[in-house]
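Read the structure below first, then the notes.
Should a chain be cited, it is by its letter among A, B, C and D, assigned in written order, with residues numbered from 1 in that chain.
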Amino acid sequence: MEPKIQSRIGSLELNNPLLTASGTYGNGREYSNYIDLHCWGGLVTKGLTLESRSGNSGIRIVETAAGILNSIGLQNPGIEYFIKEELPFLEKLKIPVIVNIAGRRIRDYEELARRLDPFSTVSALEVNVSCPNVREGGLAFGTNPGLVYEITARLREITTKPLIIKLTPNVADVGEIAIQAEKAGADAVSLINTLMGMEIDVERQKPMLGNIVGGLSGPAVKPVALRMIYQVYRQIKIPIIGMGGITKGEDAVAFLLAGARAIALGTVNFVNPKAPLEIKNYLLDYMRRHNFSSLEEMVGLAHRERED
Amino acid sequence: MEPKIQSRIGSLELNNPLLTASGTYGNGREYSNYIDLHCWGGLVTKGLTLESRSGNSGIRIVETAAGILNSIGLQNPGIEYFIKEELPFLEKLKIPVIVNIAGRRIRDYEELARRLDPFSTVSALEVNVSCPNVREGGLAFGTNPGLVYEITARLREITTKPLIIKLTPNVADVGEIAIQAEKAGADAVSLINTLMGMEIDVERQKPMLGNIVGGLSGPAVKPVALRMIYQVYRQIKIPIIGMGGITKGEDAVAFLLAGARAIALGTVNFVNPKAPLEIKNYLLDYMRRHNFSSLEEMVGLAHRERED
Amino acid sequence: MLQESVLIEKNEEIAPGLYFLKIRNEQMAGEAQPGKFIHINLGTIYDPLLRRPMSILNAQGETLSVLYQVVGRGTRIMTRFRPGDEIDVLGPLGNGFEIEDSGQNFLIGGGVGAAPLVFLAHRLPKKGVDNKFFLGMRERELLFIKDFLPEEVEFFSSHENSPRGEAKQVTDLLPPHLKTKKKTSLYCCGPEGMYREIAGLCNDCSDFSIQVSIDRRMGCGVGTCLGCAVKVKKPPREEPQIVRACVEGPVFRWQEVNIDGT
Amino acid sequence: MLQESVLIEKNEEIAPGLYFLKIRNEQMAGEAQPGKFIHINLGTIYDPLLRRPMSILNAQGETLSVLYQVVGRGTRIMTRFRPGDEIDVLGPLGNGFEIEDSGQNFLIGGGVGAAPLVFLAHRLPKKGVDNKFFLGMRERELLFIKDFLPEEVEFFSSHENSPRGEAKQVTDLLPPHLKTKKKTSLYCCGPEGMYREIAGLCNDCSDFSIQVSIDRRMGCGVGTCLGCAVKVKKPPREEPQIVRACVEGPVFRWQEVNIDGT
């Protein structure tokens, strides 16, 4: 019998646990010509803000050892354009669409949630709390457990769609923050967003990125992501969507074993657009080899009491 | 004229800015047969505790993408053995020796400092505040600004040797902690220690490391290290000893430009024991090419107002 | 656009640090157009991680070639590709040059960046048109590019170390050719400074059309990462907008990218 | 111990997934001893990062060889080494076997791990001693190891898929040979479970000396990272202590590492 790889995030049913990581797949359109988008369990869209944003200037992507730094700066056309021009395309796909939202103030998030709430094409909201928060002095919302609670609770009042809080790894104790998200009514947490990093051009004696600092992603960060997921799995009951440096089937399985119920592929899409197909095949094969009949049996298995 | 690469950490004068990173070079003995240890500006010794420790069991080192995870668990023979068996060897070398100390309670650190204080061979103390602190519930001392202040202030009373506080990168705001170290009288800060990570063996469905989690080091973490140094450089006046993923001359220069006054080589020693020689040559050549006559002129240069 | 495992036919050093790479894939070769590029997976798994973008030098039948210069880690790894190996290639990507109906076509390239113009030279109309190729070189080795050109294209070159009086920059070659009444199209590949100078020389011939290829670091190459942002102003829109070098480019009209109007 | 750039003389697949690598460096070859290993830099700069430890298969004059099995990323990269290339090698490292003055030497190896025993076989005294080599195989391809042995060494092999009645495990071969009055030394390379079984078989011949090579993941290979910890108990010390497989090992006395005494 074919192993069951369906997964569930709150009330959202996924045909398989593979999601696109926000900001790394556009809204699917670019890849739609030569990959069947239905290989994905769901599409997570590029970070959306109220107003359009033109993003950062200068170099935006720099390659680092087994990773990349990006400082795109949330370039996006704003919610109005998104609703008018992107949603109709997404609607036709008939794949769960998770819209990633970002703001500078809590009321930006509220407004975004309110405007997206009526659209049934929007299957869930992923709330990116890693943007710098002006009111609190520049540190990301996501580093402050109280603020994460507040944003989550307010959005919970606005929408009944599954609420996924996307946490930043740039904290001492990500569990503490995940707990607040859970308490405030989140349906799931996503982790990890990018690690803050930078690169310097030694000949020009200047930071490489136009924005000086950027977000590190790709295989380099995988051990950090896996550790955070493993840790948070013991602290909350709501599902975890795991991501950070997944490039192959073994990685995907490792994330599930650590406790992720779904996983997102980001940077790997830039390198190998066929990754979701390869990973899905590996996963099915792995489950057959190890006699797992459903994903459920695998999630968190690395936490078992260790016999040896 | 030969560029001057002397550097200074508090009252400690270094012939060049290259230090060994604690825990990656033993006490120099193993390499002494086939590399002239005088290529180093100073030796930072393996983390020392009061009592001897046998370290963690199971697998202790795992390779990850462009990095390694280690969970050595501070294996060391304890201070008594160190003073009797290691110090005499180090004394003969006539190279600055920085002793890295670690403890579980503040008074462990105090005791270590007290016992090392009389030895002139000990040129400085590097205080590793990244070990889990039992009293505070398992989180590292180093994630708590108040505790870092307290440890530093107490040690400051005990010793006049240069005090270097080695900070953990597993925090939201490393600057805040560096500031406390400076306020409490530290002569310098070292950053970064390892990032917490883990790896899972998917066939055995278990964490790879005996200790489950371990510290990530090597090229993978370089962007994170560089970003923290760049950031902290703007927040404190005392020198920064930079480390994290340096493998070649360009990296060393990048760390100096970001604001480090000295740099330590860790994981690279495992891969290329000749790295300090190669890096020193590159640095001298770089300074000639760019007309720097002393290290001073380079430190922090990436912070210059950007003209383009 | 395709992602395919393609066979390497050739990978030869044809001048110091310059390699000619030929791959076999009929559909990719069929979709190739001058100015488009391919995105090459180095096959290194974790590091270097990203693909390397390379302009198409030529495409004929089932094969497609690029010319690359060894500048860093990735291109150094490419030199180890061997005939018979398979590599993973994405492409052709980007928009490519628009071939215009002109009396004259000037192809102006700086260094190895001139590769897409070689391809373009082969696709230009041949009858009743003057096609001229201007190549600026730092290394004389680049002269071999001439061998890749069709015969009917007139070739001019400048060299940085030329003796006094001779053309040092590719822009030194242009002025005599610009005094023309013919409708002229310029297709340029090189650093942005070169484009600015060319545009300056064309100042009083405002009906010249100038297409330029814009170089950006690429993540995905297909339009999703937004790493390759280019600011353009396309009338009638007043506001500049951000587009992607890998999809809306790499070829742009010079007036559109030269927003400051210098 | 040296860190040297050494020339590759050979890198050949001698059985499916098994490679014979020969390098040239006089001093390294001179310092080589059975049981010691070399630490090979893959030349990949950032990834894979660590060196790969490989036991010395043989050393003669100016050359030194190893036998390696392709199991993962690093060994796959090693298959691309070509004669004439230079690679960065650290070694010889570790302690090596202690050749004892015995009437009989039993060399007992499991799989490709038997490599250091081949070297040992060449260094054993030849006169007035019985030297026997026992090889346990998963793949029959390993039989070629026999060709590397000196003639005077008696060779025995077991195979996992042997028909009923024949030796499946290397330990199935031993019992008849253990009934002896001669002073016997055992030198073993394989998984720890194999050592335990061998020691079990030798239970009533307690004056047998058993040396075993202990496999640990290695960081530095020279004793500084403490990644390769082995717990040993060396009388007269009561307390077990932690030593390094790369310096105090990889060869240990079985009684010292078998702390639980099982």
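Criterion: contacts are C-beta pairs under 8 Å (C-beta built on N, C-alpha and C of every residue); 3 or more make two chains touch, one makes a residue touch a chain.
All values reported here derive from a predicted model rather than from experimental measurement.
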Among all other chains, pick the one whose mean CA position is farthest from the mean CA position of subunit D. C
Select, from B-D and A-D, the pair of chains that is joined by more C-beta pairs in contact. B-D
Using mean CA coordinates as chain centres, what's the subunit B-subunit D distance in Å? 36
Using Cα averages as centroids, what's the distance between subunit B and subunit C in whole Å? 47
When the C-alpha atoms of subunit C and subunit D are each averaged to a single point, how far apart are the two points in Å? 56
Multi-partner residues in subunit D (2 or more other chains touched) are 45-47
Which subunit A residues sit where two or more other chains touch them? 65-67, 218-219
Draw the chains as dots and join the ones that touch; what shape do you get: line, ring, star, complete or other? complete
Interfacial residue positions of subunit A with respect to subunit D in the complex: 65-66
What does subunit C use to touch subunit D in their complex? 44-47, 73
Name, in rising order, each residue of subunit D that touches subunit A in their complex. 46-47
Residues of subunit C defined as touching subunit A within the complex: 1-3, 41, 45-51, 88, 90, 217-229, 231, 241-242, 247
Looking at the complex, which residues from subunit B come into contact with subunit D? 23-26, 30-31, 33-34, 46, 54-55, 57, 59-63, 65-68, 70, 72, 75, 218-219, 247, 267, 269-274
